[in-house]
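Below, chain A partners chain B and then partners chain C, in two separate complexes.
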Partner chain A sequence: MSSTTLTQKQALAFATPAFIALLPFLGACLYILRFSLSAEKGSIDGVSLQAYRDLMTPFFGRSVWLTLKLAFVASAVVMLLAVPLAFLLTSLRSAAARRLLTVTILLPMILNLLVQAYGWILLLGPSGALNTLLKTLGLIDRPLFLLFNETGVLLGLIQTSLPLAVFPIVGAVRAVSPEHLEAASSLGAGHWRILRDVTLPLLRPPLVGAASIVFAFNASAFAIPLLLGGRRVQMMGVAIRDMISPLFNWSGAAAAGTVLILLTVLVLVVSAWLVRITTQKTGG
Partner chain B sequence: MRIALLPTEAGGSYRLTILLLASLGVLVSALPVLVVTIMSFSASDTSGFPPEGYSLRWYGDVARMFLEEDTSSAQSVVDSTLTSLLIAVIVMGISTAVCVPLAYALARGQRRVRAGMELLFTLPLVFPLVMLGIAFLLIAESLALDLGLWRIAIPHVVLVLPFVLRNCLSAMNGISVEIEEAAISLGASPLRAIWDVVVPLMRAGILAGLIFALIISFNEFTITFFMYTIDVSTLPIWMYSRTVSSLDPSTLALSVFIIAADVLLIVLVDRLIAGKGNLF
Partner chain C sequence: MSDPHLHIESLSKSFGTVEALKDVNLTVQRGAFVCLLGPSGCGKTTLLRIIAGFEQPSSGRLLLDGSDITGLAPHRRGFGMVFQSLALFPHMSVAENIAYGLRLRKASRQEQKDRVEELLNVIELPHIADRPVSALSGGQRQRVAIARALAIRPKLFLLDEPLSALDAKLRDNMQIELRRLQQSFGVTTVLVTHDQTEAMMLADELVVLSHGVVQQSASPTEVYRHPATPFVADFIGSANLLPATVSPNRTLALLGIDTGVTVPSVTVGALRAAVRSEAISLARSTDEGATATVTFARDLGPVTEWLVQAQGHEIRVRGASHAAAPQTGDRVALQFDPDRISIFAE
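Let's turn to the complex of A and B:
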């Protein structure tokens, strides 16, 4: 036996510290689930589905619908922008240009969300950059209201989730072999035709994967709707916070959170399943 | 060459559409950050764009905030910045220390185990941050724990694990078993072979993971928003409490420092893992 193959005991020893670090997360998941089944609003006591039954209100229904709608529209726009960006990023020759574009796209995801919110407020506000520009061009008389409504939240969601789609797609585009494209091109296919019949089908699994992660990320957004939507755009994240902060309805918040988690998990599982059956069908 | 994906010439409507959409994406990504930077040099204290004049007065304000004793608010900007940095250092240390051995075990272990483990450690990435914040708050409150800095550091470690592990794993990818075997056949113990041969070879990935941990912890808002207390609060929370009613231009100047630091760190990561692997 080679001494560099790990025995099971050794592998376990190497993995244990990481498990301990992950333990608070797993504990938090279980805790939320348990609290959502509590019969009391403020503490864990007894077992009941009351918290879930209390969620069946028009208010929470609207919040779920708004969350799904905004997350869907944002993800669709993100995919429409991410594929061209990935093409551009992989075709840049200059290392400096590639680095500049990488930083520009990646920054919004990891930069302090407050800073991004300031940026959008300054851009979209009544005396902000966009309204000033449109007024100078004579396109509008009165400022457009773009902040503290769905438009502002949508733009914020698109901006912060774009990198989640671009970088996995860049990896996938790099893996598309040029021979496929050359073959299609030499057979007389035009650029649009190659995109539709060769490139996009080859990229389908990573595209579906990226879209589902972007959707899950946007559906669970909190800071962006809080900072750009004000009180009026009650996406689920914000609605859950409001159950706790003014209402102290802990079990209700836990139940709503469980619904949110199940929704995102469902999207991820269904999309993974879709990828599997479509790749099997095409024999890929 | 990727001529067919983005033709350099004669692409017609195809090339135009791709470039148009890509520029739109760049605009959406970059405009908010650019506007914050421009407005931080404004001479007036209104938020109208474009600014009527330019000055460095808000940068002077930031310098004063950091240099002079602030008695008006419960926690000063200096305290929050130091807390943020201290938490980031703790998070960097712990996340890297646990991810390097795990990445080694996964890379040398069975493929099936590896796929499952990768999935498990990616979960915090797609888990709603609000729920993590609320759950950690509930646990801390109900156990009545006096955790100090760890209130925020423990959730941050969870949050950065996916990024650090991803970087360590891709660093392990290029390291073949033969190199270790060579070290062992020359008389090194297996552990010594890992420490002296494998870990140095993983250096770039480990560094990239460390930087990711630093960026994410330092910029984190949502979980900290639930976990902060009067005694333990971070820079993003301090900024939020200052701007909750109106946007103060000196906060924009402070934001520019944060933007600059983040850009610098991302460029560093990009250099470390250039050509190999993905950012995440």
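Let's turn to the complex of A and C:
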């Protein structure tokens, strides 16, 4: 306890406003949980599992599968992009280059989502820049459909969630002790060997942490699948909205929301558990 | 018996405008244990890191067995290194740590296993192969780090203040252990330390550095008995540095006391002399000429230490404890051992 600057009591007092701000969110979660157990579709009335039973349709099953699949693929691609970018950010010597790269990576967070989506449409749409170029070059006859399908949503998810992964990894890469790397080097490991045998294993817990954040963010995505997928890519966020807006099936939407939360929590718990057992085995 | 192994040739290193090393020349004999010794910031760690290949010198060369290795990448040098933080890999077991260098050299599984077993026996920890590094005590980690570096049969064995994190008693044991290991492996060793006792205990050759300059490079006894510069005299065993005058018959006088030491006739200008605390003896005196007063005395058991005030200088004296030893407040006469005085031109 001597290493922390605040005692538990002091920290509690310090965090009280934040804690109070979180309470309504917790209340909303409980409210949704209660609504999902309602016997009525439009109001909270009675207790029934009917809303959950109604979800057992091939349509909703496909939506769950699609959501997990897209969130997983997007997270995997984001990690493949974020790790090299994080290494690049920590190895750049020029401060100006570092700032430029930081801003570039942060752009998706700074830019309005609608502007980004229209940017994608101008670039990748059926008569967009890419298709025009490929047609001019004679490489294709008919335009490639990159938007309003899974590919489009995947691109959007990757772009919006990349900054969430890069910056935590940068912090973790900076925290790796240079003596560990030099020790590997003195024992005969070249740069790529050090990366594989020492750096990445040491980074495993923060990497899984970053991947978990990205996965949770992508699994609950709503705006991106709506803007870049149209109605055709029914990720759970979109499916839930459709239950509310045209169908007024509040209890069904609440049940679907609860399923989404539970699935995401399950994935996070399993990944944290995987890190723990693999680290214990090798003795971290 | 000269068999040079590592040769450091007019090596300099600057970080920006800071000169960390200035024209270092050094020859390390095969199988020797060399200690780089100096206060923090003297350049000793930079010199070790250049030998290991983690830093490039600004100028100068490193020769190993006559061939130039200055630009060789650290992972191609084949030097085993023990780091200050030890830098054991936390995601590997003890055996995996020790075998890592052999794995990189594509040794067979059996070969790796045999070598790990052999080294665990050498460091007297035969049963810890499968333990995680986090389950080891400080002293055990120390030994594993040494075993990992020695497992690759290094051409040079480099250590950067490896014992500084251990408590005093464990450090004493490890020093003896380290010396024993080094001798049984016969490996040429360079160790960095700021602890002069440790350096004197381990080294065949001491290299004393200050402000990036090699002050003296010699055996511990030679460095202790004949310090080359006032800095060395003060840093190793903290000698008394006193202004000296030359009497008409060309003998050296300290604090007005003729020591009988003949000063070479070539020396001109002001002189300083370094005298070890144990090279001074005290005698109680009622003589009017005795101008020294004991200001502090402490009996450490076998020896007693005194602080003596004489002509505005505070002098440390150290000698065998006995019943008639001077006490605080006593007036004393000083006597210097003429064989133990080092003279420096100011």
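Here, the second predicted complex is superposed on the first by the 264 of 284 C-alpha atoms of A that agree within 3 Å, B and C clash if a C-alpha of one lies under 4 Å from a C-alpha of the other, contacts with A are read in each partner's own complex, and residues count from 1 in each chain.
Going forward, contacts are C-beta pairs under 8 Å (C-beta built on N, C-alpha and C of every residue); 3 or more make two chains touch, one makes a residue touch a chain.
Note that this is a predicted model, so its numbers are computed, not measured.
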Scan A:Phe87 for contacts with chain B and chain C and give back first, second, both or neither. first
Applying the touch criterion given at the start, work out whether A:Ser48 contacts chain B, chain C, both or neither, answering first, second, both or neither. neither
Contacts of A:Gly237 with chain B and chain C, given as first, second, both or neither: first
With the two complexes superposed on chain A, say which partner A:Ala253 touches: chain B (first), chain C (second), both, or neither. first
Just chain B (first), just chain C (second), both, or neither: which does A:Leu187 touch? second
Name the contact category of A:Thr102: first (chain B only), second (chain C only), both, or neither. first
Could you look at A:Thr7 and tell me whether it touches chain B, chain C, both or neither (first, second, both, neither)? neither
Contact-wise, after the overlay, does A:Thr57 reach chain B, chain C, both or neither (first, second, both, neither)? neither
Looking at chain A, does chain C or chain B touch more of its residues? B
For chain A, what residues appear in both contact lists, the one with chain B and the one with chain C? 182, 184-185, 190
Contact footprint of chain B on chain A as seen in their complex: 2-6, 10-11, 14-15, 17-18, 20-22, 24-25, 27-29, 31-32, 35, 43-44, 80-85, 87-88, 90-91, 95, 99, 101-108, 110-116, 118-123, 125, 127-129, 132, 155, 158-159, 162-163, 166-168, 170-171, 173, 176, 178, 181-182, 184-185, 190-192, 194-195, 199, 213, 216-217, 219-220, 222-223, 237, 240-241, 244, 250, 253-254, 257, 260-261, 264, 268
Parts of chain C lying in touch with chain A, wherever the complex brings them together: 52-54, 73-81, 83-85, 87-93, 96, 100-101, 104-105, 131-135, 148-149, 152, 158
Chain A residues touching chain C - in the complex, by the definition given at the top: 177, 179-180, 182-190, 193, 197-198, 201-202, 204, 279, 282-284
Using the touch definition up top, name the residues of chain B that touch chain A in the complex. 1-7, 11-15, 17-22, 24-26, 28-36, 39, 46-50, 94-95, 97-99, 101-102, 104-106, 108-109, 113, 117, 120-121, 123-124, 126-136, 138-139, 142, 154-155, 157-158, 161, 165, 177, 180-181, 184, 190, 193, 215-216, 219, 221-222, 225, 236, 239-240, 243, 247, 251-252, 255, 258-259, 262-263, 266-267, 270, 274, 278-280
